[in-house]
Each structure stands twice: as structure tokens, then as C-alpha cells.
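Going in written order, the chains are labelled A, B and C, and every chain counts its residues from 1.
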């Protein structure tokens, strides 16, 4: 429980209305009660403000006439809302202690105020920065290094020699630095290529639950500062992900592909190996990226769902597309339309 | 080892044949020996019954003339088979004990006959119902609540404040209640939106290995009673999955999407965010669901595999589809067919 | 640090040049320094050799004239490189000890020189072969059996009765032998089919991080010798994967499908259930395999990414494909082209 005045102060926002008003929590416009702070992130949602029961709104100064109640004014209301979530955050705090049921190697180097929870294992020569939090059952391999204020959530596995920057969050059951998928074919079967390089993760990176970032064979896998990666994402060995790029759930990035800065790769998209994706590329959900992308912009692939029967016809025709195109060309020839086309061109 | 008579009694089925006949196990028709009980789930499989060596069959009373051997008669033979698997179940039983290498907070509230295996961690104020089984290395976060007779398998992570109902199974390495993927874009990069809500899971729910169900930002993620979720599935924050819906492996459901009851979402399908899917919708494998589905029924998308060379031609023509359609229209105009069409319509 | 002469001896390769030359590591052609050994895997990369700073190269005897420096000659240079990675391998070695914070059942049967790391749990009647390494926090279920020289990495879960062969690697957070996804529909909801069979994994198999291989209902799930499986792969219950087959990241194989030997299933492909895929089949990335594949060869499906606007047109036209084909047929009829076709055929 806080007051609107305190919120305005903490968030450094201009307040319109009663600073003593109590605010118990945050809620979406539709669900907010009079004790809640809510927000309007975009002008197109402004019409919903008239129906909300919220006790106060974060909104843009330009929109203030559309709302007669208490308000916190921000040029970037969605960012202000994001900052406000920290004030109401209810995640349990760390204990600041090394649990007696954790296994920490003598040679591990621990900063100040490190938390290591029950069942976690920190191997020899690992380096944990100040205020690092290793969750229950998490694993920090030999010589791995975790920057200050980074949290490794329960069950996450950080393999040997991996380097993770500051203020990162590695979510539960994620695996960073397991062997990349490299084998040479031989008459006797697949010969494993030992993965000799590691994974380097910058500052302010989040990696989602059960995501996997493989170590490189000869060249490190690199995730640059400010990258956010969702759950169940695969980052192959030797991949580079440029700063502030977003990778949504279940995306797969094959080995050695380089992704630029500020890209958005939507859910379930798949990138083949050894590609270059320039900065500011957006790939749609389930996108099939089989070759490099050399121009910024939005790209998509795939087909939309249809009722089963009509889809069966579309899918069947898809396999005949080349013949269809040739038949069109024949028709154009037969009708003389191809000549007209040539004439126009 | 049991007898046919005992099986008939336990399963409450009518028996035809010798009740003293020994039955050692369950097997498919093709592989069953004379000591096995087998089953015919659908009439179309009835012809296989003539070749089976099974000692007895579960089948529908209407089909009984097609089989001269011992039989257990059921109006729902596949359900009867499912119930029979419980009798032959060989999963190791729980110990009913708290392992000395488990870490259980003093303030955790434990029902009767709770099992907590080695390396598991149960945090402060967690509530475990009667006969709950927490597997080795599993994690139960602060204030999480697990209903009676639910089993949390090894390595699964249940984050703080998550509520799970009765008789559920959360399979190994699944993660329930990690942070949803929410960030606000700012000039300095992505600003994390703390995920303040939680995950509510009903009764009789199964969630597969390495699946991830994220906690909500402001609104809870909800999985209703009787839902079954396969492995490696992503359920985004604020999603609602209606009762008895089936979600097959590697499906991704983006944030705030609401799925109705009794839906079937087949493997690797992807649902965009903020959609509404009504009850009784079936989405085919790899389905690309980019907009809401307002009518029950079967839907599909995608294209079938072809030999590489012909696929390359189809895929290339796909990018020219709009021109092809326009060329057809030109041809119709040139030949006067468009007028005829109008005449017909 | 080693010498070229020692490398030649260990790798059993012919040496050209100074055997006393020091070699500090392995590197790709573009990044190698004079202290590195590099390699040319295929003739098409030979041109890059002229620009490399590598101190020595592994290459094919036929290509030796294209490079004037030190060389190790191999008929299979990529395999020779793979073998060389073992010499420079920097993975931390196992301790050969049972950590005091591991939980090992009295009835577990351990071979010689077994390592069990902190937080691991080995249940009753499990059998670990010689030199098996169970990583931190890994779980070995009741009666599971792990062959000699196999490593189970941190956080991996091997369920009861699973059998894994020799020289395998199960990577972090993988789950082998969790329940297959089997339920019978009833008026009261889904009735679980207990999964009574198990998983059998051959020798020399690798299974990637967070991959899931489910146990069979009545028939075992089988992964044959020499199979390599990448991260986040789903192998359903009752599946059989033939020897030396490669399954790339995020592939899903539905229940009871049989895949032949030496197949390559590229990333994110999905295979429906109850299919038969013959030997030597290659399925392209995101391939949609809805029916059996009866001939060896390369297959693909899907559509390529396009800029968003043009893709929207293609995707929209896809739903009209059947009408387009019919309109072409009408045009052929109207122009008499259909008769000519018949005449030709």
C-alpha cells in the first residue's frame, strides 16, 4: 500500500490530483478498482479510460483531457507502467545466505551478499559477483563467471567457463553452455566434435525457462547486452545475437548465424545456420528463414489456418503450383496476352 | 499376475470365458501372448482380432461374435483399457517420507502422507495437500500451494504463489510460474515489466516434461480442470486454457490468448497473442493461428512435404501467387470468361 | 600445448613439415594464428587456405599443393579435425567420487570409478556401469540402467527402468522416460493410460539439453546406436529412431512413428504419429511430415520468408488456390488448350 504522491516521487512523474490517495496495486483498465493504479499505453486505448474504475491512471500529458480522475503524467506511459511494476513487485527476496544444503567449491570466488539456495552446486573456480543469487538446485560449472546482481533461477544449468554479465536473469531449467551439436560423418558413424569454445552473455540479458544456448566449437556463442530471450528457445553454437534483440518462445537459431541489433524474431521462427541477419529485422511467427536477410524490415512466411476441407484443397494445389504457373503461361501464349505483356513492359 | 475374474470385478465389466485364467500383462493385439489381455478400441481394428494370440480381449458387446476367446465387455473399450493400465502400473510407489536431503522450510504446511524426495526444496509458506509427492530435486516456491494427490516430478520448478489443484501430475523439468515475457521498449533498451500475477492450475491436469507455463503480469494465467498438456509446450502469461482441452507437444500459446473447452491443439501449432478460440476447436499440427477462431471445427495450415526439387518450385511459385491470380483475371478478361462468371453469379 | 609431431602420431596422420612446431589450439581458417592447427574440410574451402595464418592445416593429400605450410594429411580431414578436438578438449574431468551431498540408494549397483556429483539422486536398484558420471542434480530412477562410460549431465532426469547404453551423453535438463502422452476420452474427461513400457537407448547416443524422450504405453520407445539428437527435441512414446539418424533441434516425433537409419530430420520438423520413414530420408527444416515416407531422398515443405506486404498477398492467395486451379481449367476449356493437352498425352 502506497500513495499516489509517493508513486509520483519514485517514478519522477508529474501528478494531477490528490497525493494522499492510497494505491494498493496495479491493474489493467478493465479490471482495476478504485484502489488500483492503471495505465493507458497507447492513444488507441484511451477510449477505454472512460469505463475504468481505476483510482488513478498513468497517461501521456497530451491525453489528459480525456480523463478527469487522478493521473501520473508520462511521455512514455508504458515504460512508466513497467517501472511501477517494480514498486508493487511481490517476488520473494533473496536471503543473502549460502544454504547449508548447497555445495560450493572452496575455490569458488564469491562477492558480497551472494545468495546460494538449497541444492545448488557451484563448482571449482567459479566466480560470483556481488549480490548474485543462485536459485535452488541450479548449477554453476567450473570457472563460470556470473556478473553482479544476476539471478540464476532454480534448476538452471550454467556449464563450465560460461561468462554471464551483470543484472541478467536466467530463468528456471534453462541451460547455458551445453555442447553445441557438432559431429563429423564417418564410415563408423558420427564422430563428436568437442566444443572447445564457450558462451558469452552481456549485461541486462534475460533468458527464459528451458531455453538452451549452446557453447561454440571453436568460436564463442555470443548474446549481447540487453537481449531478451523467451522460453524454450534454441540458440545454436557460434551464434551471435545483437544487442536489444528480442527472441520469442520456441524460436530456433542454427549454428553460426549472426543476428543484428534490435531485431524481433517472433515465436517458433526457425533460422538456418551460417546466415547473417542485419539490424532491425522483424521475422513473423513460424517464419522460415533459410537465407540471409540483408535489409531491415518485416518479413513473414507460412500460410494461415483454414477450415480443414478447404485447407486440404489448398495444400494439395500447392504441390501443383509450378504446373499451374506453366499453364497460365501457355494460356497467355495461346491468347496472345504474353505479347501484350511484352509490349507493355 | 492376476486373473480374468479379478480384472472383470475391478473394472466392473461383464466377463465371457474362464474367470480363473491368469493374466500377466497388457499388450497390443499384434504383440500379445496368451498371458496378455489386449483390447479392440474401434470397430475398424476388429479384423486384427482374428490374428492375435491374446489370452483375452476387452471389446464392445456388439463385436463379441467376431472373437471366440475370453472377453471383457465394455461399451467404451478404450476407456476400459485405460483403466486396466492402472492395475498393471509399474511406476515405483512414493515412500511417504521426507528425505533427510530435502530442504523444507519450517513454515511450509504439509498434509498427511506427504513424500518429499532427496534434493527437493520446499520454500516458506508453501502448502502441500495430503499425499502430495514432491520428486527429487523439484522446487516449490514461497507460498505455492499443491492440492492433494498431486505429484511434482523430479526437476520440476513451481514458482512462488502458484496454485495447483488436486490429482495433477507435473512432469520432470517442467516450469510453472516463471516470469511472463513482458518488457516495455525505451530508448535505453527493454524495461522489464515485473510479473505480479500468478498461475492457477485446476484439478486433474497433466503438464508434460520441460513445458513452461508463465505467470501473468497483472492477470493470472489459468489452466482449467482436466486439461492435458504434452512436453515442451509454452503457455504465455495471462493465457486461459479451457477445461479438458488437449495441447500436444511443442505448441506455443502467446500471451493473453483464451482457449475454450475441449479443444485439441496439435503438435507445434502456434497461437498468436490476445486471441479467443471458442470451445471444440481442433487445430492441426504446425497450425499457424494468427487470428481468433469463432466457430468450432477442424482447422489446418501449412504445406505437405514434397521431394526437394519439386518443393523448391512450389515454394518459389508461392511468392508469385498474387501475380498468378492477376494473370488469371487478365486471361478471363481477354477471353470473356469474366463476363460469363458474372452472368452465372 | 603440444607439437605437430605428437598430433600426427596421436591422430595417425602423415605429417608434412616440422614435427617440433608448437601447436596451442584449434581454430577456424579465418581466425587461426600461427600457433593454431586449422583444417580444410571440403575442397570448396581450399581457396581460404591462402589467407589463413594457421601454423598447420589438416587437409586431404590431393589438396596439398594448394598450401605450402605444415600439414597433417587425411583422407577424411573433417573426421581428423573432430578427432583433434579431443586432444584440445577443455571440459573439466570427473572426480571419480561419490559426493557426500548425493543421495544414492543402498541397493543401487555401481561399477568401478563411478562419479556422482552433488545433489544427484540415484534410486533403488539402479545400475551404473564403469566410469559412469552422474552430474550435479541429475536423477536416476528406480531400476534404471546406465552403460559404461556414459555421462548424465546436470539436471537430466532418467526415469525408472530406462536403459541407456555405453558411451552416451545425456545433456543438461533432458528427460528420458517420462510418461508418454496417452489418454482415453470419456464423458468425465481424459482417462490416463498408464505408460507401462520404457525407453531403450543404444550405445554412442547423444541427447541434447531439455530434450524429452517419453516411455512407451505398451511398447518401448527405442533410440538405436549412434543416434544424435539435438536440444529441445520431442520423441513421443513408442517411437523408434534408427541407427545413426540425426535429429536436429526442436523436432517433434509423435507417438509410434518409426524412423529408419541414417536419416536427417532438420530443425523444427514435425512428424505425425504412426508413420514409417525409411532409411536415408532427409527432411528439411520445419518439414511437415503427415504421412509415411517410403523412398529415400530429400524432402521439404513450407514457404520462404517474404517482405510482410508481399507475404500477406501470397498467404491470402494460398486460401484461393483451388479456385485458381479451377479457373485455369475453365480458361483451357474456353481456349481449347485442354484438347491440345489431351492430344499430346
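By definition in this document, a residue touches a chain if its C-beta (ideal position, glycine included) is under 8 Å from a C-beta of that chain, and two chains touch if they have at least 3 such contacts.
This is a predicted model, so every value here is computed, not measured.
Judged by the touch criterion defined above, the protein chains are all mutually in contact, each touching every other. At the interface between chain B and chain C, two copies of one sequence, fewer than half of the residue numbers in use appear on both sides, so the contact is built from largely different positions. Chain centres here are Cα averages; for chain B and chain C they lie 25 Å apart. In chain C, the residues touching two or more other chains are 101, 119, 137, 155, 173, 210, 232, 250, 268, 286, 302-304, 306, 316, 318, 320-321, 324, 328, 331, 335. Every residue of chain C that touches chain A in the complex is listed here, in rising order: 25-28, 31, 76, 78-79, 81-83, 85-86, 88-92, 99, 101, 117-119, 135-137, 153-155, 169, 171-173, 204, 206, 208-210, 225-226, 228, 230-232, 243-244, 246, 248-250, 267-268, 285-286, 302-308, 311-312, 315-316, 318-322, 324-325, 328, 331-332, 335-337. Against chain B, the residues of chain C that register as touching in their complex are 101, 103, 119-121, 123-124, 137, 139, 141-143, 155, 157, 159-161, 173, 175, 178-179, 181-186, 189-196, 210, 212, 214, 217-219, 232, 234, 236, 250, 252, 254, 268, 270, 272, 282-284, 286-291, 293, 297-304, 306, 310, 313-314, 316-318, 320-321, 324, 327-328, 330-331, 334-335.
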